[in-house]
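Alright, structures below, take your time with them.
Shared between the two complexes below is chain A, which has chain B as its partner in the first and chain C in the second.
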Partner chain A sequence: MNRVLGDPRAILILLGPALLVYTLVMLVPIFWSLGYTVFEGNPITGFEFVGIDNFVELFNDPKIADALVFTLKYAVVLTVAQVGFGYLLALIYVFWLRKASSLIRTLAFFPVVLPTVAVALLFQELFKIAPVNGLVNDLLNLVGIPSVDWFASPDTAFLVLILMDLWRSMGFYAVLLYAGLVDIPDDLFESARLDGASGWRLVRHIVIPLSLPVLLSSIIFSVNGTLKVFDSVLALTGGGPGNTTTPLTLYMYQTSFTYGEYGYGSSIALLLTIICLLVTIFIFRSSRRDLTKG
Partner chain B sequence: MTTARIRARRLAPLIAGVGATALLLTACSGDSGGETAAPTDFTYLSFAENTSIQDTLTSLSTGSCSAENEALPLDITTQPQASYDQQLQLLAGQNALPVLFASGNSPQVAKDLNDGGKLVDVDAALEELDQSNAIIPAARSTIEALYGGDVYVLPTEFNVEGIWYNKQLFAENGIEEPTTWDELTDAAAKLSAAGVTAFSADGQDGWPLTRLVGNYLFRTIGPDALQKVIDGEASLTDPEYVEAAAAVADLGKEGYFGPSVGSIDYMTAVNQFLTGEAGMFYMGSWILANFNDPEQNKIGAENIGFMPFPHVEGGEGSRDQLAANVGVPLALSEASYGGDVSAWLGCFAENFGSTSLGEQGVITGFAVNEPVEDLPPLTQAVQEKIDATTQSVLWFEALFNAKAATTSQTNASQLVTGAISPEEFMEMVQADLE
Partner chain C sequence: MTATFTDRSPRLISFVRRIPVWIIVGILLVVVVYPLFWLLTGSLKTQEEFLNNPTWALPEDWTNFSNYVEAWTTGNLGVYIRNSVLAVVPALFFTIVFGVAAGFALEVMVWKGRGPVLLAFLAGIMIPGQMILLPLFTIYFRAGLTGSLWPLIITYTAIGLPLTVFMMATYFRSVPREIFEAATLDGANIFRMFWTIGFPLVRNAIFTVALVQFFFIWNDLLIALTFTTRDDLRTIQVGLLNFTGQFGQIQYGPTFAAIAVNVIGTLAIYLFLNQRVMKGLTAGSVKG
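Our next item is the complex of A and B:
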């Protein structure tokens, strides 16, 4: 067996087909898109070589700055919220509900399986003001607060967006982190308790350090997922009002397919790729030191 | 050396090769040519949302154009409007455009296609078929204004735009049909004071609001107001242009669009007007289909009046210059144009107008070859207005590129809610025009 696997030809035969498919569906489009960054045009008008013009525009386009700020703001706020609440839920599952947690776990996970567009429609209905009030405005009126036009101002639209995505993804992170928490051996808790640790100190010195690897994975997952947010924004606010809730992905899509500027759209895609790469490297780097010795 | 590194070293040239090939392909894909064989079907690609053209074509294929249909059977496919332009880009890139197709979401798409030599010169084709008079003058002038003087699309709709008003609400509040901008704002103030929303408007889509800005510009600066901007002779940030945005923003400031205009969608706006909640409604004549439907129209068709956008004191434009558009015009692919297709075009040009008006109630840009009877009175009135119109104007975004049009429409509701100033609005749109 070893001799077979040591043979380069065998490796090629075994890996070849998978590699070919991967190359065709992943690498070719990536490099194709990379190629587009030095061209401008679309299939109707044809393509024209423009050199670094797209990159120059990238730095001078105020909408890029707006979209970048929004993307980062969304990624940070939602990551903190969804990993935070997910962790809290996981702690509740493990330490409070214990064996009885399966029902709550299922319920909290349920929104994850719903299609994003359906959830967005649901939230649009909940927060709508015209032609009739949605549930949220009705509740506000009930306690004497006038109706709010949630999607008319950038701040309230952002708030609804965060609420929706939090509701949608919290259960997923809870399950992910729960898996990390149940892996902590019981005898560690026991000995910690014998040493007099309880409550916050137990969490601070035993739970957090031992679940750190899975917590870190969650954060990487979350940051990369939220930097690439597209469907929930498109379905809920469409990037509005104006372009105040337009992330880079949506701007990239509009640029390529609505404005017919494939080259500039690809340049935005490249920018997004680099940002995701940098963030991931940064998080990996910072996690390399051994925190249990900290 | 580990196997992983050996593999990586072997892969490096492969990846580089793929990259280089991709670049080459990218460079070549723009001008991939090739001749298309004569079509076997009269293929038509339509907006999925628009059924009236499909129905009219189907009716022609079994009626007046059955002989042409025998030779080249009609074959309809549809594509949702939201992804239509992408589909057209793909087909054009593969040189696989259908024989007849809706020309896209903005006039720019057809312009690009025509620049690439992919469209039939409809004017020349109709002349060859002895059908030069098939397109009515008003529609022809609108097409020429839209497409830089050439006619390479078929006007399957012809709409005029203006302000529809509720006659009963006007009478109750002692309002005469306004002919000037000041009279219009006075009327709005009276309606507002009576607790009625003055203007019903779809702020979610934005275009019904920017239409007002465009009309105001045509009245103050004249019919060539926006052509000047495109030609670089004027800028939207010039004071006389900002004035138009400010005038519309003022309507919003006074609350004439009602609360939360940005959250009102198209059908809600229509319903507000047709249930008597709003006194005025800026819209194109395609809305007649809704007005003539008693299910939707609670105020009665006889209670609806139509007025052109009012005159602005001291302006160059006039109230006679109705805003007009040709809906979503159709274009023909040059690659598949030939004998059988041209026979179809001839029959289409001759019969489309009356079939569409008679069966769908849709006014087209084609001459009506057989008089249609029993038209609803409101449709009749609009048809007369169209016949009397000699000069038409376009709409705010008509000559803009897709980027500026999107910016204009997505920011319109912010303009009337005061979230952005008229100067900022015009600056944003102008920036995307350059």
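Our next item is the complex of A and C:
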């Protein structure tokens, strides 16, 4: 049996192509990129060894601090918003709509599949002020509020960005969390109801503790995804006004391709990767500990 | 006892209690569906309608498709869509074929070291694309591949592999091992086993993974933006990003039409395969 299922030649043929492509196009470039961090220049002008200069610059560059703060702010705010709203929707699906929720679930999910660029351009039109108002400003005017130039100030631009990504992802997290909630056996709710728990108390003492694992994994997925935000920012605000909505990913992109600084760009990419790694490990660990505590 | 108490008018009470929920659901549907409706109706409006009518006005002529013609010809949309298809189809094919085979080798076959290899693939899900962009650009530049769609095809294939391998390994794990073990006792050759037993058993799963990968690759901006150095190589996403620039901010109609074309494709797939897409995308949520 193991002679067939452990045939090295077969393993090589089945696994080989995937492993080769993965190694050459992902693993090797990761280490190559690490090497770039001690150089300055780009493939067209040539490279020059600069030691740890890039890392020194990383710590002294005020734009890095801005980008880092923005990245973390975006990740925290959007994670709270999309997991929070998603959980609320999932609760509505499970407890109020029950079997009738299928159509609503399907409808609320669909923005996820739309291309980010298309959604971003759509939101630009929705929040437009010049030459004519978009839908949002027209509606504001209707209730007597003057038009707002949404993309001119950092706070409103950030708000539109969060609203857009919430619009895209809310239904997705609702379905993800719904799957965890329907797995909770019905008799648990029944016995809790018999004990007099209802409404908010039922949610707080029964629903949240029992759906904690799926809630935590949603948070991990969300943080992991939001730290890498690129498409929505670039297509919606382009990082502006100024650099006030520029995350690390976009700053790395600009550094590398607008200014041709591959070495510094690689250092920013490394910083981003380390943050992703640390956050994932941190959340993983704390969630495991909580689970064993019970 | 409690039954007689609540029996007075349970239907009315439950109806009244449900009103806030229906209001929430109503708001939700308007928020989710209306922007799209607004986009589609906008794509049929003329420039005068945009400038003179309120934004929520319906188009005066529902058969005015001139914006689409404009976007398709002057806006180069046809070329961008062709490029997207030419990059996505081969990449999807390779990532699925390689990924399914690797998933089989890592989950069904028995050998030392398969754990670490699976873990190495998994790590790739977490790595941000920015980490591999610069070396890849150097490689493609030196190999003379910039100026073709090959950088996109190769990069998409590799980036799709971690999730494909991970998901396929999960699906193969759910197949009872006895099936494969019985087949070896019957003297089946490993490749025949892969094709005649393993493949049909996970055929549905493969379709789901392919759908998920299609959405990820089709909607990608970062890779496409980095490796499309010429206008005639742009994918639909990169093309659309530069679209407003081409027409200037003033031309509303063609911009709306171009966004609509980009949206309609994925929307049509979702219309027919929504349950499968939902299942697949939530299963692939590790990608974040």
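What we mean here is this: the second predicted complex is superposed on the first by the 269 of 294 C-alpha atoms of A that agree within 3 Å, B and C clash if a C-alpha of one lies under 4 Å from a C-alpha of the other, contacts with A are read in each partner's own complex, and residues count from 1 in each chain.
Simple rule for what comes next: contacts are C-beta pairs under 8 Å (C-beta built on N, C-alpha and C of every residue); 3 or more make two chains touch, one makes a residue touch a chain.
Everything quoted here is computed from the prediction, not taken from an experiment.
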item: Touched partner set for A:K228, first chain B, second chain C, both or neither; value: second
item: Which superposed partner A:I274 touches (first chain B, second chain C, both, neither); value: neither
item: First (chain B), second (chain C), both or neither touched by A:F172; value: second
item: Superposed model, chain A: greater residue contact from chain B or chain C; value: C
item: Which superposed partner A:W96 touches (first chain B, second chain C, both, neither); value: second
item: Touching partner for A:Y22 - first (chain B), second (chain C), both, neither; value: second
item: Which of chain B and chain C A:P131 touches, first, second, both or neither; value: both
item: Contacts of A:G46 with chain B and chain C, given as first, second, both or neither; value: first
item: Which superposed partner A:V182 touches (first chain B, second chain C, both, neither); value: neither
item: First, second, both or neither for A:V76, with chain B first and chain C second; value: neither
item: Touching both chain C and chain B, counted on chain A across the two superposed complexes; value: 8, 11, 27-28, 32, 36, 43-44, 131, 257
item: Touching residues on chain A, where the partner in the complex is chain B; value: 8, 11, 23, 27-28, 31-32, 34-36, 39, 41-49, 62, 128-131, 149, 151-153, 238-243, 254-255, 257-260
item: Residues of chain B defined as touching chain A within the complex; value: 3, 6-7, 14-15, 18-19, 22-23, 25-27, 29-31, 85-86, 88-90, 92-94, 108-109, 112-113, 115-116, 118, 259-260, 262-264, 268, 271-272, 401-403, 406-407, 410-411, 413-414, 417, 419-420, 431
item: Of chain C, residues touching chain A in the complex; value: 18, 21, 24-25, 28-29, 31-33, 35, 38-39, 42, 50-51, 54-56, 94, 97-99, 101-102, 104-106, 108-111, 117, 120-121, 124, 126-139, 141-142, 154-155, 157-159, 161-162, 165, 180-181, 184-185, 188-191, 193-194, 215, 218-222, 225-226, 236-237, 240-241, 243-244, 249-250, 252, 255-256, 259, 262-263, 266-267, 269-270, 274-275, 277-278, 281-282, 285-288
item: Chain C contact footprint on chain A (complex, rising order); value: 1-2, 4-8, 10-11, 13-15, 17-19, 21-22, 24-30, 32-33, 36, 43-44, 89, 92, 96-97, 104-118, 121-126, 131-135, 138, 167, 171-172, 175-176, 179, 218, 221-228, 230-231, 234-235, 249, 252-253, 256-257, 262, 265-266, 268-270, 272-273, 276-277, 280
